[in-house]
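Structure below; questions to follow.
Per-chain numbering from 1; labels A, B, C and D assigned in written order.
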Amino acid sequence: MHNPGRATALRFAKAYPVVLLARKTESFQDTVSEINDAGGKALGIAADAADPQSVRAAFDKIKAELPDHKLAAAIYNVAAGFVRKPFLELSVEEFDASIDGSARGFFNFAQATLPLLLDAVSNSEHAPTLIATGATASVRGSASFGSLASGMFARRALSQSLAREFGPQGVHVAHAIIDGIIDIPRTSAFSANGGVEDGKISAHAIADSYWHLHSQPRSAFTQELDLRPFVEKF
Amino acid sequence: MHNPGRATALRFAKAYPVVLLARKTESFQDTVSEINDAGGKALGIAADAADPQSVRAAFDKIKAELPDHKLAAAIYNVAAGFVRKPFLELSVEEFDASIDGSARGFFNFAQATLPLLLDAVSNSEHAPTLIATGATASVRGSASFGSLASGMFARRALSQSLAREFGPQGVHVAHAIIDGIIDIPRTSAFSANGGVEDGKISAHAIADSYWHLHSQPRSAFTQELDLRPFVEKF
Amino acid sequence: MHNPGRATALRFAKAYPVVLLARKTESFQDTVSEINDAGGKALGIAADAADPQSVRAAFDKIKAELPDHKLAAAIYNVAAGFVRKPFLELSVEEFDASIDGSARGFFNFAQATLPLLLDAVSNSEHAPTLIATGATASVRGSASFGSLASGMFARRALSQSLAREFGPQGVHVAHAIIDGIIDIPRTSAFSANGGVEDGKISAHAIADSYWHLHSQPRSAFTQELDLRPFVEKF
Amino acid sequence: MHNPGRATALRFAKAYPVVLLARKTESFQDTVSEINDAGGKALGIAADAADPQSVRAAFDKIKAELPDHKLAAAIYNVAAGFVRKPFLELSVEEFDASIDGSARGFFNFAQATLPLLLDAVSNSEHAPTLIATGATASVRGSASFGSLASGMFARRALSQSLAREFGPQGVHVAHAIIDGIIDIPRTSAFSANGGVEDGKISAHAIADSYWHLHSQPRSAFTQELDLRPFVEKF
């Protein structure tokens, strides 16, 4: 039972050295160890995506540690800490936190990774790929989800815009709408879809779809797909 | 040839006292004078929507100057100053400016106006109305429009969420997608749609559609409509 | 308590002679009488929209009876009789009936009315208008609503296509998504939205929004709007 | 250079016996031979999807020839012969032909295949899968594309509805929006996207994405994805 970041790292580590970024080292250290212990190559760096300088410092470190490596894929997976509450009880700080994690962080991440992805276009097996993880709130502003939806709509807007700008340059920019509860330790107490088996999304399945996106040839890029459990209402 | 803020103010001033907020007094002073000179009632207040304190101060002033008035309608019309340029040339400050004007400002404006709109529900002729002005970039992330689209998608997300939360409480929250160039002094040099007559959107027509939204009974609220010139490609 | 066809006829009869088409005369005869008795001008013709010859015959009759009149507006409002049931219990005849009423009928109606609307472009007060009534099923294929959604998605597709082709020629083509139960005699037993007042859509409100669409100047056409009760979940 | 039907058949024939249905035997005979010659198992049956009896007869034949086989996947790939021309020059027969191929045929195909897919749910490696191929016209009614869009919107509506009804029963129903010109013999003369390499969609890439859809576990079904060349405007 892995979170999608870990599952995706494990999946891509079969083919590439991987770098994991997160605000806290405990978010990635087990995954980094697991990959390195299994003979793969992984590096973890603590960074705050919403802070452009922190992101820049992280990529300086990446370039120093992996000087000869091209960037094959970059996946933005930050879940904005979000508070579900009546709109009039929200603070502007809560709104800002949603924008920071969902959109501003993705802006910084895309600015750091796209030059490296562009560099890799000419001699990569698969088209260099930038994937942003979305959610139900990326396409629906539900009541009491205003701050989350604002950030996630913005992330999707940026993903679309980047696909239109960088696709013709050979970089595959995709957005995945994760519509359901992911089966991770933090959600183990939630009874999704009446507790039915497979009623939560397997993080490995997300990772497999991300790998499929990465493996698509440039004649047939997917910009957006959804992923949801078979029993999910939508 | 008016901008939509002015045209909307003139339209609503036929029925109500109106308050115009803008960062700079020159954005509203002519309109305020025109309404007051014609026997209506208008008030202009300089405020920065992206700054919660500035918005709060503006509404304190409104309550002092118009103590007995209910809020019939609130229209958020801020056009985020935006720079169209390749993504990798954008600064994070430009991204922030788009979010500030398009989304954070609307968040602050909605927090200030919704309590007053709720107060007016029980004894108003028309349902109290909160309208946000959108654009093509509200539903499409075009290449080189990433910062604009991020902010405008976020504004639309919040508008949807507020409609779902406050509609059942009797407040009509609507979003209008303005898909085309508005016929205002600033755009007079642009040749929209080959320069054909009526190829730009009349600000008065926007105002009339906003008044129509305001006049809809609560049995039939429109949450979203588009407005575009007859010759506009879409 | 009127159905939308009747309410719309009454609204437009304030400005124009109106013609009502329906398969059965009892669907329009009361409305025709009411308009004529009140000093307006109305004509009812029995016709089956899904049958091109029946539609042609109806328009031959209209041209004979109203030789000097231009067509100001044409509204397609047919509700396809539809059966909600599991997909594997549907017959292909039920599927065909949905397509016939929702899409094929609109195709025939548009072919009959667009030449007349085009004729009226150059000297009408308002842009000649073709409105198609949609529903929740126009934008969502719900379980057990497959036949209805197929027809209604198709109607919306055709409405969009016609807007893009005939808008630049001066005809306003619009589509209204009626998202909720309309307050008509046939639905009086349904308790929509917990029976709350105004929880069903007033047909008069629909008619007013259709008139607003008709009155929009060509610099600011709405192609699509939604209409739903303030308490409707969406 | 294969059409998507052939490429998909070749891809799925690596795992399963495959049956190809088409109106004309020449549409499938080469593919059937190629699969059988290579040691796979393929069967071709002439059938008209728009005709329920023809579809039923085809499936009777399938059950007789492959008595012990479960249906793992069913792919509806019919391209409705379509005429791009001004709306007022279209005949109702051309409209009907679009509906027949795009929607009515898919209705019949789904009614024939879903019972077999349901039968296969309990003991299949991958969730039984029903895929419908869509197009740009599935989500956009362009000028002069009204008949095509009507049929393709309807196909998408039905696909959505079936996903919601049969997903919870374990059948994966998906819709793929093919947004671009497919690289097949018939399109070899078209210069898509300025003739750039990979400017047309590889049918093999479509087949690979269809196989990926089929391989998704039921905890993470994709209902809809798009596929387009990296240089395609959208």
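The working rule: a contact is a pair of C-beta atoms (placed from the backbone, for glycine too) under 8 Å apart; a residue touches a chain by one contact, two chains touch by 3 or more.
Only a predicted model underlies this, so the values are computations on that prediction, with no experimental measurement involved.
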item	value
Of A-D and A-B, pair with higher C-beta contact tally	A-B
From chain A, the most remote chain by mean C-alpha position	C
Same vs different contact residues, chain C with chain D, by half of numbers used	same
Interchain centroid distance [CA atoms averaged], chain B/chain D, Å	45
Centre-of-Cα separation between chain D and chain A, whole angstrom	31
Residues of chain C touching at least two other chains	164
Graph class of chain-chain contacts, one of line, ring, star, complete, other	ring
Full enumeration of touching chain pairs	A-B, A-D, B-C, C-D
In the complex with chain B, residue positions of chain A that touch it	52, 86-88, 90, 92, 95-96, 99, 103-104, 107-108, 110-111, 114-115, 137, 140-147, 149-166
Residue numbers on chain A that touch chain D, as the complex places them	127, 164, 167-168, 170, 172, 183, 198-202, 205-206, 208-209, 212, 215-232, 234
